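Think of it as A, B and C in the order they're written, each chain with its own count starting at 1.
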């Protein structure tokens, strides 16, 4: 707890640097990731991330130092090469993109490991810490490193800001972009470069192995909350920032822990929660919605049963018992009782000792459902040429979803018919 | 002797990986293999922690379970959540792999596993990790027995299910029409991938397994248009990778697994450029030739 | 117009098929006579392929049922064959013409079993029927579009089935292949085989088929070609969508609406 308060009071300038750094890195990756995600090339980021390892190691071998500028240049070169490679393989052979990505990713990474282990065995005292690029260490983001990595991500954010419109079009509709004369090829190049840059800056905090998650996961999470690109980018950045801060915190309280995996766990947790609870698209939300519709259908079917009973004895406001309703339709007892109570509460039914009675509102609603059912049956027989004895089941569904607007057009199209295909009266008000 | 043990272990691993990998690249599922190889990590660590040893059975079970869970999760997010496949793969495996690495760090000292082993395996220790029976007989390197048995299982699987695997890979909807259970064969293949991944894990690590799963079959695919030949070429390339990888690693004193993937990549590059039927170089020449032919007046 | 066959070999009852809740086929009801050469015709997006896939249980049904040989599909699988759209597979796959045609025998062979002499003879004969025996050992990646289609046809023939479903077998093939395929289909139909073909060229419909199904998300007509190939029916099938129908379809998707109330 003490650690927690100390950390989040941001008194310690070192902590401030680390936090600012991690957040910047996470945000840049999240924002660029949104565009690659929408272009359905999410796994490209994974390939780039693994492929920067040989670049970092070679830069060290060549320069002999861990100066971040050299390492970034090295990482940039091999990351970039890996993308060219994937494109070449797809274009010039019968291999498909997934194979090209997997091949490039694993071979570049293998080469990186080979060089890294060779450096480690060479006894070069300077090399310690190079392996932090594997799983990341946010806490080592201080001084010169912070300035270099931070500036790269600021440049990256600026470029995205300036080209936001163009990148949007590229992600959504490349063909249209081409048609209105946008330099699509050039923009692709920009996006690729941005992806490589985002990876290169992110590896210090997350490491090459899990960097892909920083590109893909925030975008995937954000996509569940919105259909608007600006909102999506903003949310992805926010999710990225949260995971960045937690990474920095973990690096602070548990120095032995690699930070990358923790950052990834946090962002994945956000994503999983989004998949389940996000409004409209979340999995739980959809189930909840289904249940709501089930209830609505049940209630409408109860009112319909009342109306049918009323039609039979021409007594719409007569008292009905549960047994009467069951004779109309195979209701499940428990659900039927629940539905009746709900209808009483919402004023469609009244209940007294002799049973349940429709209110005027209830009668109108039941009548509308019956009307829609019969109109739809007629529509199916007239326009879809479905035999009259086959239309009932279909109409059982559709009667519940027709909007008043479609209702009006349906009436007009069928020319206000008086009977349905089974010769039953269509009840207008 | 040491060199032979290592090369033999490498070859066994490379051949099993290449055989299942051949199906994966033809099914356009190379990245699913990548995902499974990462995602089995937490299964291995938990099995390690519970059983307290490197016994192979718990490890196989743990990893096998995770492998199936991974394929299931990818499909779940894709179908139920409407998440596009590539993102679904990316989210699932990074999360599980991260969990695995954290478990290793948390149990550091309690389990005999470390991050390096996860990344590039310990094939160099094959000769000293011996299987000694209760009576004290030394049976030779333990890993050889494991990867040997896995290779046998893989070969038996392909032998028994050759027709079904071939057809469900080429044309799944036709397979379904003639009554082959495509889902069953899909999961059986995924099971085989998990099994191979786990068995190879100790030797070459989680990520370099991917190189052995994809690179040799991709290379063989560029060399032939006959599926049986593709399987044979894959095995041969796997063995070459193991031999050259070992000597490259000892020459520059680096990780053997890293060297094996590097060699696999180099062989691919050579074939990609110079394959007699598919190579970029010959293809360019051919297309130029056909162009000049077309330009001739008819 | 919906003429039902007496003693039908294929019956479709009240069939509705939806993709993510939105119906693409509404309440299809039809039956087809044995030995007929049936064309399924309709505009793009009319659900032609979906109909044959639904009959073969390749896509889930929202409602309705299908009967083949007066029983369920699972009981008569060996009598059913399918020629999918040519683009549905990757023709770079490392296989020879012979390999692909042999797949037609896989259903008859079980696990473990290898092809016998009898199977090889059937494969040989099927390749001869489509004029591909000279290409037996050719890799499929080296075939032209028409040849690829012939290989698919040979694979279906090798199954020695009774009912054949073909998804656009004439798409992108040369005139010679089209003629050869049509002749083959006629011969099959004479031998009592039933052939159902998804087709989109109205010009040739009347010439090729003796039974027509006109489709546009719903059944417009099904019956002998002479009765169905009429100006007004064609106009109805090709005369644009029913707007109310497609809007209701959209509502079903948007609401993630269950298609039926839970009764049990």
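Assume a residue touches a chain if its C-beta (ideal position, glycine included) is under 8 Å from a C-beta of that chain, and two chains touch if they have at least 3 such contacts.
Note that the structure is predicted; figures quoted are calculated from it, not measured.
Should one ask which of A-C and A-B has more C-beta pairs in contact, the pair is A-B. Every chain gets a centre from its CA atoms, and the centre nearest the mean of all protein CA atoms is that of A. With centres defined as mean CA coordinates, subunit C is found 38 Å away from subunit B.
If each chain is reduced to the centroid of its CA atoms, subunit A and subunit C end up 37 Å from each other.
Centre-to-centre separation between subunit A and subunit B, using Cα means, comes to 30 Å. Multi-chain contact residues of subunit B (touching two or more other chains): 28, 221. Residues of subunit A in contact with two or more other chains: 94. Looking at subunit C, one finds that residues 141 touch two or more other chains.
On the side of subunit A, the complex with subunit C involves touching residues 94, 286, 289-290, 293-294, 297-298, 301, 330, 332, 379-380, 383-387, 390-391, 393-394, 396-398, 400-403, 406, 409-410, 413.
Touching subunit C in their complex are the following residues of subunit B: 26, 28, 160-161, 163-164, 166-167, 169-171, 173-180, 221, 224-227, 229-230. Those residues of subunit B lying in contact with subunit A across their complex are 25, 28-31, 33-34, 77, 80-84, 86-91, 94-95, 97-99, 101-102, 105, 108, 115, 119-120, 207-208, 210-211, 213-215, 218, 221-222, 248-249, 252-255, 257-262, 264-265, 268, 272, 278, 280, 283.
On the subunit C side of its complex with subunit B, the touching residues are 53, 56-58, 74, 77-78, 80-82, 84, 88-90, 93-96, 99-100, 103, 106-107, 109, 111-112, 139, 141-142, 155, 159.
Every residue of subunit C that touches subunit A in the complex is listed here, in rising order: 1-2, 13-14, 16, 26-27, 29, 63, 92, 141, 218-221, 242, 244-245, 247-248, 251-252, 255-264.
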